[in-house]
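Structures for review follow.
Next come two complexes built around subunit A: one with subunit B, the other with subunit C.
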Partner chain A sequence: MGFQRSKEFLDTVLSYVKFPFDKEDIRMELQEHIWDKIDYYTQQGLTYYEAEEKAIKDMGDPKEIGIQLNKEHHPLIGWLYLASKVLVILFVIINIFMTVPVIVDLGYSIFDDKLIREIPKEDIVYKIDVNERVQIDDRVINFKNVVYDKNGTLHISYYYYDKKLWGSGWSLGTIGIITDDKGSKHYRGSSHTTGGIVSKGMVSVENFRKDAKTLIIEYDRYNRYYKLEIPLKSGENIE
Partner chain B sequence: MRILNRKKKLIRNIIALIILLIIFVKGSGLYFTPLGAHRDSERTAHYGPSEIVHIEDFRKGKYILCRYDKWFSCNTVKRTLFFFWRFGNQVHGMENDLSEPLSYSWDGEGNFYKAYGIINDKNINKVELILSNGDRLAQEDFYGDMFLIPWQADGPRSFSGIIAYDKNGDIIYERVYK
Partner chain C sequence: MKIDKGLIGGSTTLLILSLLKERDMYGYEIIRELEMRSDNTFKFKEGTLYPVLHKLENEGYIISYRNKGSTGKERKYYQITSKGEKQLIEERKQWNIFSTSVNKVIGGESHGFSTL
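Presenting the complex of A and B:
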């Protein structure tokens, strides 16, 4: 019955330790101490049973040790630590699931020009690189391209982002009223935008005058104002 | 030594949790306060910042009655995940038509509706809503020159009209829809 006395000693000590998740570690640590002492005494010439008896005696009163260890391994601190550890792991997983798609989407929206690419190349009458930047509140809008197609539709592509990186909120509702130098107002037009940190959008205005020389985009709402005048290549076939 | 390590680890975990919680809250459109949600809603709708005239609790959150320059609005912020906030419908400023005794608007989300506006005629003493089932809701204690009447529509109780009276009960303004 080797280690029987040790086991009884350890069981008594651990009966006073209330935090269950530390019991195994404490058992291992005390067990190693006892084994070291048994080794020492057997090397001094004692029999195994005598050495174990002496080692246990050296360890002290198991009740006192148990009470002391319970104080050191306070159950409240133990449970708080365990709960905080679980929560940290949980939030790391949630945040990974939340941020990875945003980062992927950011890369996608920066490097992909899908909206303009959807217009068949053979339909393009002309394409203008605009690269004009305006700002409303913290939102920066960059007008990228204007494409006029052979169906008479003018496509305005743009992207926007919020300078408050950590802010959340509504997507851009409208880029403003679209007119031309001939005085035509285009209130109606289809538009669609992508989501993400950098959103891309395209407004398509049907029946846009082919002979218009300037595209005017004017935003005037709630004391916010900008006006863009973009020269057009009216009638000129460049692609 | 071990207990000291555990306390240190606990503090480290709490700091990590605070940082992770902030990332979670900011990344998911949640706010710690209703006003935080309200302000970001206005900022990204490119409206305001408006002056808050009155805040009204309702079952899902709060209505925030505001005015900004020549516009008035009533933003909705909703309680979510026990103690966080997020915004409801997009906030829109309605221009106050000074030629009318009162300017109003109404909207709803789910079963929760609200009518609100500005009183331009100082003689108006009571504002009354008419709902499609015939119910009438009235307000006499205004918030300065603004009013807000929320209601819950469990059945056919959509907005059907608005009437404003003076102190003698005479109609000053009436818009009733059939």
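Presenting the complex of A and C:
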């Protein structure tokens, strides 16, 4: 009963508006206008039915209004606007993921690396907390610990991840060339990594010099470069 | 005398921006205000206001937001932007030139009123 005429009027107007996402807003706005006008007429003593009739008549031709509104709510502009909104949301999400490194670093600095924990405690000669971060493109590598064991093997543990969710996906082939301050180069060493959003890895270099004071990790590939110098405990600290 | 015409075209931008310069209003308020100030000379097909408002919004002269007014009912309010204020100055200038010119032609009534 109530608002039936209003509904007809609004349906006619909106039948000319092509962009679906603006329809409800338009309907609401025009509906509120009609309600206000009905209130105005009923306060002047008209019955509800009369008031609604007059209010609708005052609105004008629904077809003309609909056609004019459609011009201002053009599908193309509408879709472009919607697309821009989606882009904004994506941008926000990307930015949230940009902060992932901070969260990851926090989380990982609390717990020891699992790979390192697999080395028997009694074998460890010394352990150094490194926590050095390097970045190649969007790939972040955090060198976590260095452990020297009694067999003369130096274990370097690290984890890495992409700053972007849809990261390049390339696996980290190598963390670089491992040398020491005495000039010994260690091209080879066993390494193993575990996957996930954050990949963990450990490189173990056998026959690492006991007296080396500095561990040097140098990466120079595909025009990407970093060099890390990690002070070691040597000499009197050993055994 | 009532000038019953659609709100599309003419001096409507000037009228709407002038009202919104004073305060934020929703559509129904704008219609009432226009009627009142023109002593009911401007009697519009009220629905035709909305395509004009939406056009002004698309052009960046006004922005809209939903809010509860003094009546406690939620309505869609329109607010003039700085771009709209600049446009208002421009429209006023043009209107002055226009009305002065018309008055000169029709016999120099300084307070003449154009129905165009």
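Here is the rule we use: the second predicted complex is superposed on the first by the 121 of 239 C-alpha atoms of A that agree within 3 Å, B and C clash if a C-alpha of one lies under 4 Å from a C-alpha of the other, contacts with A are read in each partner's own complex, and residues count from 1 in each chain.
One rule holds in what follows: contacts are C-beta pairs under 8 Å (C-beta built on N, C-alpha and C of every residue); 3 or more make two chains touch, one makes a residue touch a chain.
The structure presented is a predicted model; accordingly, all values stated were derived computationally and were not measured.
Enquirer: State whether A:37 touches subunit B only (first), subunit C only (second), both chains, or neither.
Expert: second
Enquirer: Who touches more of subunit A, subunit B or subunit C?
Expert: B
Enquirer: First (subunit B), second (subunit C), both or neither: which does A:224 touch?
Expert: After superposing on A, A:224 lies in contact with subunit B but is clear of subunit C.
Enquirer: Contact-wise, after the overlay, does A:68 reach subunit B, subunit C, both or neither (first, second, both, neither)?
Expert: Touch status of A:68: second partner only.
Enquirer: In the superposed arrangement, which partner chain does A:95 touch: subunit B (first), subunit C (second), both, or neither?
Expert: A:95 contacts subunit B only, not subunit C.
Enquirer: Considering each complex separately, which residues of subunit A are in contact with subunit B in the first and with subunit C in the second?
Expert: 72-73, 77
Enquirer: Within the complex, which stretch of subunit A touches subunit C?
Expert: 13, 25-26, 28-30, 32-33, 36-37, 58-62, 64-65, 68-69, 71-73, 77
Enquirer: Could you pull out which subunit A residues touch subunit B in their complex?
Expert: So the residues of subunit A in touch with subunit B come to 72-74, 77-78, 80-81, 84-85, 87-88, 91-92, 94-95, 98-99, 102, 136-139, 162, 164, 166-170, 173, 221-224.
Enquirer: Over in the complex, which subunit C residues touch subunit A? Could you list them?
Expert: My answer: residues 6, 8, 26-28, 31, 44-48, 50-51, 54-55, 57-58, 73, 75-76.
Enquirer: Which of the residues in subunit B end up touching subunit A in this complex?
Expert: Residues in contact with subunit A: 2-3, 6-7, 9-10, 13-14, 16-17, 20-21, 23-24, 26-29, 40-41, 43-48, 68-69, 71, 87, 90, 93.
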